[in-house]
């Protein structure tokens, strides 16, 4: 096992500076690397660790090459090359096809022999899996759910009936897809009448859904997660939300019902997005921002607990927030001065 | 299957304008409706979809009737009528009574033959269920828990020992009821001494608890969720909290320990409520508000990341927050002018 | 069963004022206490309940003794003494050693006969448990995981492969330890390339992890939770975070990747800590604060939705925030006056 630097350079289109026959067996951080490992430098925060690294080689940008004491693979996007090298050197364990005797399959389920179904998994009637699907221990999949090829559902995740998952998805443990949306009509006596949630959830291909993330089924019609969307842990997605292709959303974000988010957006952690609004394609929203209304233009927005604004204006206002008591005192002084003078 | 408009008008007390013999088979949104379906108009955001709807009929207010091109059921509260019609046309699948062979029941459990217990469910010793209770796959119910009639516990939810659930509740997947409250006493050496959490959780009738919502057991005495409370997903309820009847709370809200919330409150998403405080009945709190102290009067409060204020004052202050850098510059200009003038 | 006040006073080093032969059987709050129970007064909020308590005895500070109508145990830290007395009078039910027939153990697992493994638990190949470990129903433990002695993993929690848990830990239901960190490199076509998450999670001794809390595995190298850390419910800990010994973190807090938090910190509920920063030892951060940058000095910080500041300055600024519209109007008035005067 292991790869030579020459093989890596050819495979990933990098310029190699160093011995093409050197072998690396695994990836490591610059600080913890031992000989035989390959590190990378993408975030300038870690540049100071370059000089003393024990790595056999480092993946980095040409601009950082001068400071590198060891062999290097020079790339325009070192992080993307690192991702590919790491996947090459540290492949996932292969599937162990088969259905564990302690798994439970309902009637009329379709489970190709290339799938791995672990102990305690429960597939209700009519579940249909693509080739090489992996179902972790104690996963529960509701009636009639279809799962695309090469999708992995990790231990303990729950997929309700009425959900459809694409191919090559990863659903982490504790995720719940397809629970009822939150819909109630208040009655005159103050009690709440449940509004039936009769839609489903459509999840595209290459979607990753984090641990304990919840995606509600549609009230009418489906909640929709497009191809390539990546959701971190503990995200809440309300009923009938639509998230566009390749949008990423960091941990503990929340999206209220019936909101549409565009493609290729980057939504920071803990962002709160109101219901019934629209976010354009290619929008970046900083962590913690609340988004009470639509954002119709691409751009970078921030608001850390306050409504979304342009990043520049929000940063300035946040600095002023820290001076607010001082500003108020200065205003009082001005007022006194004017009153005294007149 | 299907109902005539005449049947629906009589059953739900609406004025029918159109052919009483027209049949509808399901509900739909105005935009997606096909002939044979019935739509509704409650949120004015969707009024523009009325003119072109393909629905056979629409449930709406009298004020919107003039613009409706198809048959209509006129109601004072179209959303509540819609909820009832949807429940009529899209009933839940009937229970399939019986105990799956892969479910595990402890000693001295009481499970009426009208109950449905799915595969992998584990009921500890002394669990007692009412009639027609549904226990989803891989649910775990702790020792001695009592569950009221017609309650549904969805796949993978966990109910600890010491919890009591009322009738007609819905507990969604991933919910955890009765884990230890967060109680520690810091020791002189900096370590934390666990304070035993010896209370339980009492949940009333008609309560709905969302996916991955957590309700901690009391430290001493019980955490209490009154009849008709509706909790969305990913809500955290601390030990010894009391939530009054028919209060609704949206996703990712949190309530710290020993706080009492009144009846019929509407708590927005991501609201953070401090511990050891009191919220009156009929309080509405806007999404994202932090509530550091008691709210003793009914009313509408907001604070989006800042402490709760009246909605009107908070909105004004939020507008000013967006002008804060500009205000600071204007103050500086005034100060310069005064100094120059004097 | 039950203890005399004399026994308790000796065992926990308190001054007893009252009859040493009085017996107490359980703990209670001052308000709900019946004869035969022992209450405590630690939080001054509850002082008014002292006069009318029906408790047989109260644990309190000397300063509160004059107002106490019943026997008392006088202590410097009544809450810590209460915690010990409660643990004494309300011990956890004893383990029931054994492996339930409906549990599933992989190859080469090491399970001492003192352990309790409940129904539906799934231990993958190579899992090794210390003495007296308790594994709840439907828990899933990944390949090769090691668990220290006397640790309790509650029903439905999921431990991925590559995790190591210390001794005397408590992992609550719904917790997920070791899911993939959130690492993606954006490609030129806008899609996201997954960065393999090949590290693990190291959890020390005496750690408590709340319900539905998620701790991601390291991208490279391990995420690290030191001895004595206590995490409440619904906390998200990103990849390669390090949390120092005896730090406590309240519900719904979040820590982004590669951040290091010191020892003995107290992090309030819903606090949001950015990635790649450092928090010193002995830092206290108020609930809801966002922490965008490192905090290098011990102290008390707050920011309720705004960036962390000293508690005093934040409180002042928050008061001013509530006056912001008024300040802006006053500034406008000053500007008008100056323009008129000149």
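As written, the chain order gives the labels A, B and C, with residue 1 at the start of each chain.
By our rule, contacts are C-beta pairs under 8 Å (C-beta built on N, C-alpha and C of every residue); 3 or more make two chains touch, one makes a residue touch a chain.
Just so it is clear, the structure is predicted and the values come from calculations on it, not from any experiment.
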Equivalent interface positions on subunit A and subunit B, same or different at half: different
Angle, in degrees to the nearest 5, of the Cα rotation that carries subunit B onto subunit C: 120
Rounded Å distance between subunit A and subunit B, as computed from the means of their C-alpha atoms: 26
Touching two or more other chains - residues of subunit C: 120, 138, 156, 174, 212, 234, 252, 288, 304-306, 321, 324, 327, 331, 334, 338
Residue numbers on subunit A that touch subunit C, as the complex places them: 26-29, 32, 43, 45, 77, 79-80, 82-84, 86-87, 90, 100, 102, 118-120, 136-138, 154-156, 170, 172-174, 206, 208, 210-212, 228, 230, 232-234, 245-246, 248, 250-252, 263-264, 269-270, 287-288, 304-306, 318, 321-322, 324-325, 327-328, 331, 334-335, 338, 342
Residue numbers on subunit B that touch subunit C, as the complex places them: 102, 104, 120, 122, 124, 138, 140, 142, 156, 158, 160, 174, 176, 179-180, 182-187, 190-196, 198, 212, 214, 216, 220-221, 234, 236, 238, 252, 254, 256, 272, 274, 276, 288, 290, 292, 304-307, 309, 313, 316-317, 319-321, 323-324, 327, 330-331, 334, 337-338, 341
